[in-house]
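First subunit A sits with subunit B, and in the next complex the same chain sits with subunit C.
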Partner chain A sequence: MNPVIRALLGSAQAEFIQLARARSLVILTVVQAVTFLFLVSLFGMTGARAPTALIDYDKGMYAQIFVQNLKTAHHSFTIIPMDEETANRALAHGNLVAEIIIPAGFSDAMSQGKTVPLKVIVDNIDTDMTDDIQRALPSAIIQFAKQIKLPGIHVQVAEHDLIDHDTDFIPYLVVSSLVLAAFTISGILSAVAVAREYETGTAAMLALAPVHPIVPLVGRVLATCAVSMGALAITCCVAVFGYGIIPKHPFEMAATLASCVIIFGCIGVALGAGMKRTLPVASLVFGIALPLFMFSGSYEPERFDGNTIWTLAHFSPVYYAVGILEHAAYGLIVTPESVSLNFLYLLGWAVGALLVAAIFTRRGVTR
Partner chain B sequence: MKDVLIVTTAVNESGDQVSAPARSAIEFKNVICKIGSKNVLDNINLSFKRGEITGILGPNGAGKTTLISIMTSLRKHTSGEVTVLDEKLPVRGGRLRQRIGVVLQETALYEELTTVENLRFAASLYNVKDVKASIKNVLELLMLSDRANQIVRTLSGGLRRRVAIARALLHDPELLIIDEPTLGVDVEARHAIWSHMRVLKSKGRTVIVATNYLDEAQALCDQVAVLRTGKLLTFETPESLLARTGICLDVTCEDAAGQSITDAVMRVPGVLRVEKTETGLTVFLKGEQMSKDVISVILATAQIEGVRMRAPDLLEVFKSLEQPTGRT
Partner chain C sequence: MIRGMWTLASLDLLLWRRMPMAIASALIPPVGMTALLVVLSMAVTQQPVALVVEGRGSNTEKMASIIQSDDDAYLLTKTDMQTADRMLADQEVAAVIIVPKDFDDQVNSLGVANVILKLNNVDIDFADDIRRSVDRSVAQFDAPSYSLEGEKGGEAGEGGGAPANSDEKAKPDEGAKPEGAGKESGDTSEAQSAKPDPTAAENPYLVNIKETDLRETNVEWLNYQVVPALVLLVLSVGLMGTALLCAQDIERKTARYLVLTPQDSWTLVAGRLLGGFIASILFLIPAIGWCVWTKTINPPPSHWPALLAIFAATALCASGLGAILGTALTGSRTIALASSVISTYLFFLGGGFTNIAFLPQWMRTLSSFIPTRYAIDGMRQALFYSTLDGVGKDLAILCATAILMCAIGSFSVRRSWVASE
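Right, the complex of A and B next:
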């Protein structure tokens, strides 16, 4: 057998044995991958369905139609019917974001074509929620007016969807969070495996061997990548069976996630060889992964966030990975670059990270 | 065994047979190594013979580890010429590394792996052909067979050192370099390691040992290079080094008595020097046989609390090299 391949496999085997003896680490890794899905789900849910009290003093036909329109106007709040006293108490305790009060005589006034003032009390602790209420009310009023055929509404929306299906926010987030899971798990496991070599002094032993020290380090990373892929496979199962996400292009998705694991593993090698300490490098990988995830089109196509952020996103491998993954899962095109070009960029990242790792590795043990 | 001590014969002009010197395993010519602006090795000229155990002796910071790092290509020298196993450094690729076995100061073992797993991994790095047989051989040589499946983390310091030596021998190297072979090990393990190294020598291997301990150099080495603050003080046999330093006679006495004893013993032939200590004096004698005469002179000169004879320590060797005779 070729000496390099032998060293590579020998090193991978040694890492597998070490990982097998550190079962809690492996279990925590899998748990970490799954919790990322919950993390982004919670994130998606926090901006939605804020409790809003509806105090209806009218209870007539028009009031009911208006309430129905309010319920469908915006996903950011949930309408809860209650009496004014309870609502005031709840608002004062911070259990409500707003009160919408439909006055008595609302239906009569509507039937006579009169203007009715609608009282809204908003807890403006966070203007984001206030904005949502402010956006939702006119929208509900217009829908209501259209439904009861009030005169004076001359604008109709003629919506043409670019994509033949809608994708909910949380499922969109869940798919992109798989990239974050791949980054952190593979990155941390690889970086720690490499940094440990320096911490324990075994890196010097690798430098004394006839093969380049990057070879055994890559061997170790092969093992950590295999474990990461296992963890991601479990995470994907949660996405499929828990969230009901059936990928449109399953092989593309599998290939992308496998590439992500390898690329982020290589980045982990470079960081581990550069930092040479396990604890700081684990924090660093996490610290790098989150911002890259945030501005790489994980919530929406990145070009919607302005040119500066979009340009910066091109320096992040997560941008390309999210682009491919959203296509694989839902057939969405979220980057102007084609899927194959995104794959090429990812490949470039992997090669670049390996080169950096090779330089750092040699420099780390020889002076 | 890949290499043995080669002694060739030649004939000189007058027709007598003369022995040509053996090829050097390692040769340093005017080697300087700087770290920042500091010379950690200063103009080193050394030649380590093949088939011998050579010691590099010196206190911490003397430059021993730097010297070893250069031999093993872990560090580059600033100037001069270094030849290892006939290859001039720096050497690209792994050809030379395949011929060298190294035991570093830190054993650099994988703590969570067993002894055998560590050796198996090293075998994959060095492309060892018959892994099973090679591992069995080194385990037997270092008497580690019963520890083969023990996790390294649970081994004692001495056993770890032995595992590290076993790993360095696994690929049957021509040259074995060991930094501090008995650092942190107990007396029993120390003697066991010395005995393994003597076995290696008897099998024709060249061994370089860096050590802090004079008795280790004396017990193991054919030649000793003594370093201090990056400079080579001497390169000779341990016996001649000790003879030069002399035998120590520790005299416990009052300060006033110490002065008169110093004056008296310095007149005795064979007394190399006298050193004042916290408890009295240390008299350095050329040989053990003259101790009786010196003790008689001491007893005749002043009242003392006690006297004891011992071998010199490393610091005393250094002092003798820097200041061969006199009083301090």
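Right, the complex of A and C next:
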């Protein structure tokens, strides 16, 4: 058998045995990947539906219409009816963002065309939520006015959406976070496989091997990539069955995630060869993953954050992967570059990462 | 006894200092999380929007001026239609707001003019932000009180009142009046009544928002989000530091010597926990110092003792939990990974990533079993609120958890030492 293939197969087999002995590492890596899904879901939950107390002293017909409009005002409020005392207490303890008080006689005043003061108390501790409330109230009011056909209104919004459906924030984030999961799983397992060679001193033996030292390491990384794909499949199952995400283009999604595993595996090789210690690998990958994720169009098209951040995002493979995955899952275009161009960039990243890994490995083994 | 405790604690701190990789492992997650929170804070402000003003006339100018003045909501680029469409297609802007050619004619003929919104609705988070903002701008045209200043009870916004030639009197369309309208409603005995405000500017929407803010100044979103990272720092260092030292005693077989020393083994176990506690505090002090120096935190002087007690109790919890983890798992890298996973879960289920009180009920119920919830809630109360309401309860739960964790941790460590003998 060709010595290169023999070295590849032998090292892959050795890595499979090693991973079978370190099940807790594999399990924890998967747990960490799934953690990201929950983490981004939590962020998604805070983006809308501010818990708001409704104190309705009127209970009349117009008050009810008004409350309906508050509930449908662009996902702005979670309306919780309660009495004023309870609401004040909840607001003081930080359990509510705001309380809206509909005064008695609201409906009568409306019938007579009289202007009514609407008392709103806002816990302005959180600027984001405060802004949402301040913008959402006029939004609910104009819908209310439209519904009851108030005269004297001269302007309305005519909205034309580029996409025929709205995509919820959490499903959008969860799809992006699958790239993060691939990065975490594949990056940690590959980096640990390579760093362990240096830690145990077996890397020195690679210099004496009849093949390039990267070959046995590539064999190991092939094994970690195979395990990573299995682990990522579990994470994808959480996304599909837990979050109900049904990809529009499943093969595109699978191909992208497989490419991500290989690319991030190569990046893991470079990290492992550079660090030569297994201990900080997991923390480093975790630490890098989060900011990298946020600069990669994971919560909205990256260019909306300005051209500087968008330009910087091009230096991250996560940017291209998120672009393809959002298309695969929902048919969304979230990068100005086309999907095929993103695929090409991603392939370029794979080649680049492999070259960097080879250079680091060569240097590490020679030393 | 204290000397024995201190001896092992100082030895552990010395060992900890000689493990730069372990220190890096403990510090990277909180640093990464802080970076993430900073980026998120920047992302929730303005949205890039193009404004195209096609028409001319006083009402068109008034509408454009309202949109341009809302720099809280929009990062605006005023341009022509062709450029705006190109920017929308290239994702340079998230939306295009168009004040069309016939805007003035429509308004002057007492009809309803359209402000056209072309929106890239990739996800509802920013799309809804833009929808709300545009709605507010449009509402301001007829009701200037809907400007930010107006809602807060200040001067009415730019423009002022209805357009020229408008003599309509606002009343709901009787045809649209559902059954039961106008009936007397609700118990008004103690209720607030809807007495019309004679000083209110004319508002065809018939609803004047009277906003009252709970506090004098808004806390910066960045500060609100980033400050809980201090809890993650304490958790990560305390947990990983104690866990690694416990595991190393077993791996290097030094645990058996600790059992055989003439010093009471419980004293040494306490010294191990003290070492983890001190390590957390040593990393926390410069972080707090930096936060105070940059005015990221600025609590009232009377809140400092409560704040420090919260940090101390959290550090003890982390130390106790680290002892449990260090004896339950083997292998430094597994422990490092487990520590970072556990710290992250404790952090975000405790509300470090967001305010748990603003989340759904099931999440709040789950979170009530997480001790860090009380650390983060207590810390936010001490930092951002004028009173210490609820901090006593938070501290009591935290202290009880710390005692429990330290007790279980101590038993685990001692048992692992005895087993290694």
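Some notes on this structure:
Assume the second predicted complex is superposed on the first by the 362 of 367 C-alpha atoms of A that agree within 3 Å, B and C clash if a C-alpha of one lies under 4 Å from a C-alpha of the other, contacts with A are read in each partner's own complex, and residues count from 1 in each chain.
Definition applied: a contact is a pair of C-beta atoms (placed from the backbone, for glycine too) under 8 Å apart; a residue touches a chain by one contact, two chains touch by 3 or more.
Not measured: the values here are computed from a predicted model.
Applying the stated contact rule after C-alpha superposition, one finds that A:Leu279 touches subunit C and leaves subunit B untouched.
Within the superposed three-chain model, A:Ala22 lies in touch with subunit B and with subunit C [touch as defined at top].
After overlaying the two complexes on the shared chain, residue contacts for A:Ala204 are found with subunit B alone; subunit C is out of touch. In the superposition on chain A, contact of A:Met253 is made with neither subunit B nor subunit C. Counting the residues of subunit A that each partner touches, subunit B and subunit C differ, and the larger count belongs to C. In the superposition on chain A, A:Ala87 contacts neither subunit B nor subunit C.
Of the two partner chains placed by the overlay, only subunit B lies in contact with A:Arg6; subunit C stays clear of it. Contacts of A:Ala14 after superposition: subunit B is touched, whereas subunit C is not reached. In the overlay built on the shared chain, the residue A:Val339 is in contact with neither subunit B nor subunit C. Legend: residue contacts after superposition of the two complexes on their common chain; A:Val318 is shown touching neither subunit B nor subunit C.
Shared contact residues of subunit A, touching subunit B in one structure and subunit C in the other: 22.
Contact residues of subunit A toward subunit B in the complex are 3, 6-7, 9-11, 13-14, 17-18, 21-22, 200-202, 204-212, 216, 365-367. Residues 69, 72-76, 93-95, 97-98, 100, 102, 104, 106-113, 117, 120-127 of subunit B are the ones touching subunit A in the complex.
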